[in-house]
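Chain nomenclature is as follows: A, B, C and D, assigned in order of appearance, with residue numbering initiated at 1 for each chain independently.
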Amino acid sequence: MASIATNQTILVVGGGISGMTAALEAAECGRQVILVERNTSLGGRTAQLYRYFPKMCHPTCGLEINLRRMKANRNLKVLTLAEIRSVSGKRGDYTVKIRLSPRYVNEKCTACGECARAVETEIPNPHDYGLGKIKAAYLPHAMAYPLRYVIDPSIIATEDGQRAKKACKYDAVDLEMKEELVEMKFGSVIWATGWKPYDASKIQPYGYDRYDNVITSIEFERLADPHGPTGGKLLRPSDGAEAKNIAFIQCAGSRDENHLRHCSRICCMASLKQSQYVSEKGESKSTIYYIDIRAIDRFEDFYRKVQEDPQVSFVKSKVANIQLDEKTGELILKGVDTEGYHRYEARHDLVVLAIGMEPESLGIPLPEDIITDSSGFMEGSKDLGQFGAGAASSPLDVNRSAQSATAAALRAIQSIYRTSSAEGGQ
Amino acid sequence: MSYRNDFLKEVEENVEEGEWVKMCMQCGVCAGSCPFGPHWEHSPQKIFMMIRAGERIQVLSSDSMWMCTSCYNCIVRCPRKLPITHIMHGLANYAHRLGLAPKGQPTRVFAKTFWDNLVKTGRVNELKLTLSHYFRDGFIQGIRNALAMKDIGLGMMKARRINPMELFGGHGLQDLEGFHAIVAKAREIEDRKKGLKNG
Amino acid sequence: MMSEMKTAAYLCSGCGLGDKLDMASLSKVAQKAGKMAIVREHPFLCSEEGVKLIHDEIEKESVTHAVIAACSRRSKTEAFSFPETALSRVNLREGVIWVVAEGHEEIRQEMAEDYVRMGCAEVKKMKLPRGNPESGKEKNILVVGGGLSGLTSALEAAETGYKVVLVEKETRLGGWASKIWKRVPFSSPYNDPQNTGILELISKVSAHKNIEIHVNSAILETSGAPGKFVVRIGKAEGTETEVKIGAIIQATGFSSYDISKLPELGGGLPHVVDQAGLEQLAIKAEGKPIAREDGKPIRSVAFVQCAGQRDESHLPYCSGHCCATSIKQAMYFKDAHPEVDTVIIYTDLRTPGMGEDFYRSAQEKGVIFTKGKVSSVENAGEGCRLKFRDLILDEESTIEADLVVLATGQVPNSGVNIELPEERNQVSVLNLSYRQGKDMPQLKYGFMDSHFICFPYETRRTGIYAAGPVRRPMDMLQATEDATGAALKAIQAVENASLGRAAHPRSGDLSFPTVRLEGCTQCKRCTVECPFGAIDEDEKRFPLFNESRCRRCGTCMGACPVRVISFENYSIDTVGSQIKAVDMPDEFSEKPRILILACENDAYPALDMAGMKNRCYSAFARIIPVRCLGSVNTIWITDALNSGYDGVMMMGCKHGDNYQCHFVKGSELANYRMGKMDDTLKQLGLETERVTTVEVAITDHEKVAAFINDYAETIRIIGMSPMKGFG
Amino acid sequence: MAKKSYAFYPGCSSQLKASASNYLVSVNSMCRILDVQLTQIPDWNCCGASIAYAEGGELPRHAINARNFALAEKHLPGQDIVATCAACWLGARESKERLDVSSALMRETNEALAAGGLHYKAEVNIRHMVEVLIEDFGYEELKKPVVKPLENMKFAGYVGCQTNRPFGIDGESFENPKYLDKMVETLGGEPIGQYDQKVTCCGGALAFSEPEKSQKQIREIVESAYDHGADMIVTPCPLCQANVEIYQSEINKKQGTKFSMPVLYYSQLMTVAYGGSAKDAGLDGHVIPPRKLIDAASKK
C-alpha cells in the first residue's frame, strides 16, 4: 500500500459523504487517491441518517452510487480503521503516519455471517449510537463498505473470540491481528473529517442527562430508520410507548455563547424533515420551537410544505427549560412565544433536540500552518497543500458538503500540478 | 415615530448594563425562565424590543422590572450572555429616579424603605424594616398587616430571631459618618454621570 | 466475434450454497442448458485460489465469456473483476438461499437452476465493451460568464493546466462583484465588510497564459459533444470565432428581481432602492457617509428583507444571501457614521454558519433588528413612510426613513426554458444545436441542477455544468466554492470523454449505444425521450447518437418500438434471452413464475438487503436487474407473458416532483409506458394484474419482500396464466 | 490539619437575634470542630442585598461593598473574605467582579471611599462558606469528624438561587447542582432523588413586597419536598431558609395545607453529625422545630 503513495498522491482523511466525494472526484480525474477512514466502514454520518431533506430520499441511495464508483475505480484505495497520527513536511511532500487498528477479520471474509451467529456477547450498536445492541462479531450495517465483518476487541481474548474463529470456514477471523503504524508520502491532503454532535448533556435546562425521553436529532434518525433499533417505530426510550406528540427544539447548542457561537445550518431543515417522519405515522403531532427558521434557497419550498401540514405547529421561542412529570413520563416545556408574548407550559411525550454541529476532533494536533475559525472549522493550510472539505470546513448540509468536497478535490489536484510543474514535471 | 434610536441611546448611557440591550435576538428564554414571569406585563426580551422601538414611557412606567426576584435564571440561560437581571435592576432604578416608576409599587416602596434603613445605621435592622414596611400605607393598614403576620412575628420572636429591643437602637456601625460620607459621595458621582438631580 | 467466443461457468459452493443447493445438478444445468464450454465448481470461489483459477483459465483457455454463480454482483466486486472478459453474475446467495424460507427445498433448487440458465443465456449475448471510438480528445474548457463565478472557474481550471476560453457578454469582466462596494467576509474574523478582491481576480485572469478572453461576446452556436464541442463565438461588432471545446461551464449568474414589480413596497419611488442600488450609492460615497441620489445625507435607513421573496406571487424561494447582505450594508452606514439609525425588518433572520458572528457584530455596531411584515412603503415628506406589523410587539407600526432598501432576490440567467413555447422565452445562452433545445433543462424556478443533494453538479447535459447563482441561489463565498467544484467537473468530463468513458452516474462505463439504422422507423421516441439530449437527428431524419453525451441509462433502448438500439453488454437480447431461459412449468404445476425487473441502483440493493436480513420472499420470483426502468422495453413484458409467465412486476425509483431516479426521467417514462400496457393485456385476454409497477426505495428491504409475496398471492388468486405452452 | 483563617462577613441577617442568628450559631460550632478561624471584618456594613438597586443605584452599591473589602484588606490582609449569606456573597462578588473589569468604576469607587478615609486595592477574594468547605476541605475531609451519622433522615437539598446563579459553586450545574446532596450523603443522611424544585426561586426579597406571588413559589418548594418523602429541607441561604420556613403557616392558613416542613442550614446538619448539641446547632431557633434532628442531637 505504502508503495503506491507518492508525492503525486492525494490523501483524503475521512470517509463520509465529503471524503468519498472528494476522493472519487479526484480519482475520476485520473489522480491517485488514498482515502483513510477511522471507522470500520465508509459513509460517515450520512449513512446513519434515515432520509435527506428536502426530497425525503434515502442517503444510502447516493451511497450505493458512490460505492459502485469506488469499486470500479482503480485509482482509489481505501483504508478503514485507519487514523492519522501525524502530518509533517510541506506541499508536494507530506509525510503522514497512519495507525491501522485491527479488525480481526481479514480480506478472506465473505460476509456470510457465521461468526455473528456463533458469538454470544452483545455490544451497544455503534451504528445506532448505542440505542440498540448488536453481536460482538458484526457487519457495521447493511450497506457497509468494505463488506466485511468486524470483531469487537472486547471478545478477542475470550471464548467468544474462539467461537468466532471456529465458526469461520474461510480462515477470515484472525485474533492475532495487531495494530500497525504505516508511513506514507503524499502530495496534498484533504481533511474531510466531518462533524460531531455537540454534547447535549451540557445543555442543562433540557435535561438530556436526566430525562430518558429527551433525545438528540441524530438519535431520532435511528429511531425512524427501518434498519434502526426500533425497526422504524418512533418509540420513546423511557417505556417503549409510541411517541405521538413530539417537540423539536431548535438551536440546541447552536447560536448560543454558552455553547456553540455559530449556527449549525442543518438543524432547522433536519427538524422540518423529522416532523414529516412523525406526520407519516398517522395522527402524531410535531411542534417546532425555533428562533429563526433557516430554510435557505429552495429549501423554502419544503418549509412552506411543512407549514401547510396540519399536524405540525411552530412556536417562535427558545424553550426555557424542561421538567419531567414523573407519573406520566411526559415532559413539560416552559417558555414564551415571543410573537406577541404568549406564555406556554406544553406537554410532550418525546423531545428531540436539534443538536448543533462541532468539528470532529482528530485526536491529534492539527499541522500548525492550518487556519481554523473561531469555532475550530478548518479553512486550509497556508502553503495551499492541505484543504478542509465539507463539514470539517464549515457547518454544511449534504449538497454544500459535496460542493465543498468537489472544490477541495480540484485544489488538491491543482497543488500537485503546481508542485510537479515547478519541478518541470506534468 | 418608532425605531428611532434616541431611547436606546438614553438607556445605553444611563442604565446599568444598558449597552447590552441591542444584543438581544428575541429568543425569549429570559421570559420563559422568570419565576414571576406570569406577573410581568412585558417580558424582559419584549422590554428590550420596546426600548429599540422607542417606547420610552411604556417601558419606564411599567411595573414589570419591579417583578424581578434576582433569581438570575435569565442571565445563566441567555444565549447572548446579556446580564438581564442587572438591566432590569438598572431600568427600575432609572425609572424610580426619574419619578416615572409606578406610584406605590410595593417592591419600589419596600426597596426605598430598605435603603433608608440600611443607610441609617449601615446595617439592616430587620424589625424596623418589617414594621416600616407594614406601616407604609398608614397606621390602620399597618396594624392590619402586622396582625396578619403576627403569628410569624411571634414565632420568630420565640425562636429569638426577632429582637423587640431593636426598636431602641440595635446593631450599627462605629464609623457611621465615614459610611455616610462614602454613600453620599458615590451618589453624587452617579447622579452627575446620569444627569439626575440629587433627590 | 461469436466464433471466438469461449464460455465458462464458475459455481461457488461456499457460504452455505453447497449445503442448501444441489451443486451437481447446477453444474449439469450450466453444461446442458447453459451450453458452457467449461464448468467449474469451487468451495470458496472469491478466495485467492478461486480467483486465480478463473484468471488462469481466461489466460490459458482464452475464456471470453464467464458466468460466476455465487453471491450478488454487489459483493466481492473487486475480486471478481476481469476487465477483458464479458461477465455475468448469478446471485445464488443473497438472491436464493438467503431469501427462500426453509421447507421449500424443491422450488429453491428450481430457482437457483433458472438463475444459472439465465446467467448463461445472458453472457452469450454479451460483448465486451471497448469504449466509445468516437471519443473527442479536445480538452479546452469554455466558461460562459465573466462574473465572480466565471472568473473563478476560469482561473481554477487554468491554474490546473487546462486551456480556458472565457466569454462575457458585457464589455468588461467582473459582473455583480464589480458593482458592489464591499463583500460579506469569507473568513474569520466575521466582523466587518471586506474588499471584494474582484480587481485582483480580473487581472490574474486577464494575465493568465492559459486563458483566452472574449468580452462583449455571445455564443452563437454550440454543437458536438463532450471532448468535441464546436462553439461559435460572436462579438457585438459582428466578428466571429470558432473554438473547439472539451467541456462547458455556464456561469451566467443572476439578475436582481425587478423592484418595479413591488409597488406595494415602494418599488419605483425615488428614495427606495434595491440592494444593488444601495451598493451604487456606497461606491459613490467611498467609505464616507452615504448620501441619497438627490445628495441629501441619510440619517435613517430601513431594510426590508424578503422583498418579493419567499412569496409565491413573486419569487417563491429564498436567495440565501440577502440577510447577510443587508447586515453588511447597514454596517456601511454605522461604520461611516454611528449616529445613523439603521433598522432591518425580517421574518426569519438567515445567517447560517459563521454568519452568526456577522449578525452579532452588526448588533454591536448598533444595527437594530426587528421581526415584522412590511405592508407598505410610501413617500412621506423628505423620505419614506414604511408601515409594518411588528410581530414581536404585536402591533401595527410605522418607520420614517430617509431611504428604504428592498432585499430583492436572485433570478437565474438560465436562457431558454426548453419546456416553454418559443414565444414565451428569452434569448438563449448556449444556443445548443441539440434536438431537445437550445439551453440546459431546468429543475425549478429556472435553476438548472438535477440531483441537488448527493450530486449537486449533475445537469442533464453531459459535459456542461452550471456554476454559481445560475445553479441555485447563493452568496459570493458559495459561488466561489461552486465555481471551483464546477471547474473540476469540467476537467473530469474532458478526461472521461477522451477515454470514451461514461460520466456520472455510470462513470467509467465503456459501453455505449449502437443503432441498426436499417431497422429504424424514424418514430423519434429515442430522440425525444433521452433524458440527457444525447440523440439528435441527421439530415435524413434518422437518430444521430452522440455517444459522449450519453449516460448509458438505456432509456432509448426502452423507448425503441423496433428494438434497434442496444449496448454491447446490455441489450434487448441480454435481457430477453434471460426471460426465455427460465424453465416454465405447465399451468397445472401450481408453480407460477413471476418476472421482476428491478432497478439496479435502488431496488436491487434493497432485494440484496432483504436477503442479508433474511426477509423471505416467494421462490417463484425471477429477478433481473436493469440499468433503469427507463431501459425496459415493452417487448420484454409481452415476450414474458407470451412465454407463460404468470405476472411481471417492475421495481423502480420514485418519480414526479421529488424523483429519485438517477437518470431523472427513467422511472417516470417507464411508468408512462406501462400505463399503456393494459390494452396489450386485454388484447392477449389477460388480467391487468399480470403486469404491475411498484416504487421501491433502497431502504425498503422489508417492503420489497412484502411486495413480492403480496403479488404472488394476487397471482395465486387470479390463477395461472392461460398462455403457458403457447410461447 | 493546619488552622484555616478567613475574614468573616456574617451579614445583617446573621447578627445576634436576627432572622438567621441560628445560622451563625451553627456556623461557629461547625468551624470550631473543623478548626477554622473566622474573624469578622471590623465594622462591616450591609451588602445592599438584591434590593438596594432601586434606590441605591449602581455606584453606591459597589461603594458600600468596596468599603467592606477595604476594611478586610486593612485589618485582615491576605485572608479570603468568607460570607455565609448567599445575598452577601453574591452582592460582594458582583461588586468585586464589576470593579475588576471597569477601571472607570474602580476610580469612582475609590473616589467615594476616600470620602470615608478608605482605599480599595483590589486584592480581596470573595467566597461562600460552602466553597470553603468543598474546595478547601472536600467531602472526604468533611466526613472525618462525623460521629453521629444522620441515619434514617431524608433531606431535600434546596439550593435556591443565589449560591447557584450566576456564579454558582465550581463544577456544579445551574439546573441540577448536587453539592447539598453530596454533603447530606457525607453526613450519613439520605438526599431525596430528583428534587425538581431544588433551584426554584422562593421570591427572595419580594416575599415582603409580593407575598402572594412568593408564597405560590414557596408552596411548590415545600410540596415537592413532601412528594419526594423528605423529612427536612436543607439550604445554604438565610433568605431561602426564612422564606420557606416562616411562610408555611401563612400558606396553611390561606390554602388549607398542613405544611410543617423544617428548613435547616447545612451547617446545622454538620454540627449535629459532628456531635454538637441541639443548642450548638441552633436547632432551638426554628419556627418549625426539626424534631428528628433534635432527637438525633440529644442521643448519646
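Basically, contacts are C-beta pairs under 8 Å (C-beta built on N, C-alpha and C of every residue); 3 or more make two chains touch, one makes a residue touch a chain.
Predicted model, so just to flag it, every value in this text is computed and none were measured.
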Of B-C and A-D, whichever chain pair has more C-beta contact pairs: B-C
From chain B, the most remote chain by mean C-alpha position: C
Central subunit by CA centre of mass proxy: A
Centroid distance [mean C-alpha coordinates] between chain D and chain C, Å: 67
Centre-to-centre distance between chain C and chain B (centres being mean Cα positions), rounded to whole Å: 64
Distance from chain D to chain A - Cα centre to Cα centre, in angstrom: 47
Euclidean distance of C-alpha centroids - chain A vs chain C, Å: 24
In chain B, residues with contacts to at least two other chains: 25-26, 46, 73, 76-77, 80
Numbers and ranges of chain C residues touching at least 2 other chains: 349, 371, 392
For chain D, residues contacting two or more additional chains: 174
Chains that touch, pairwise: A-B, A-C, A-D, B-C, B-D
Touching residues (chain side chain D, partner chain A) in the complex: 173-176, 194, 196
Sites on chain C touched by chain B in the complex: 300, 302, 341, 343, 349, 359-360, 363-364, 366, 368-371, 390, 392-393, 397-400
Residues on chain B engaged by chain C in the complex (per definition of touch): 1-5, 8, 22-23, 25-26, 46, 49-50, 52-53, 55, 80
Of all residues in chain A, those that touch chain D in their complex: 204-205, 207, 210, 321, 323-324, 326
Chain A contact footprint on chain C (complex, rising order): 14-16, 44, 46-47, 71, 74-78, 156, 159-161, 187-190, 310, 316-320, 346, 348-357, 371, 391-392, 394, 444-445, 447, 452-457, 472-474, 478, 481-482, 484-485, 487-489, 491-492, 495-496, 504-505, 507-508, 601-602, 605, 609, 612-613, 653-654, 658, 660, 662, 697-702
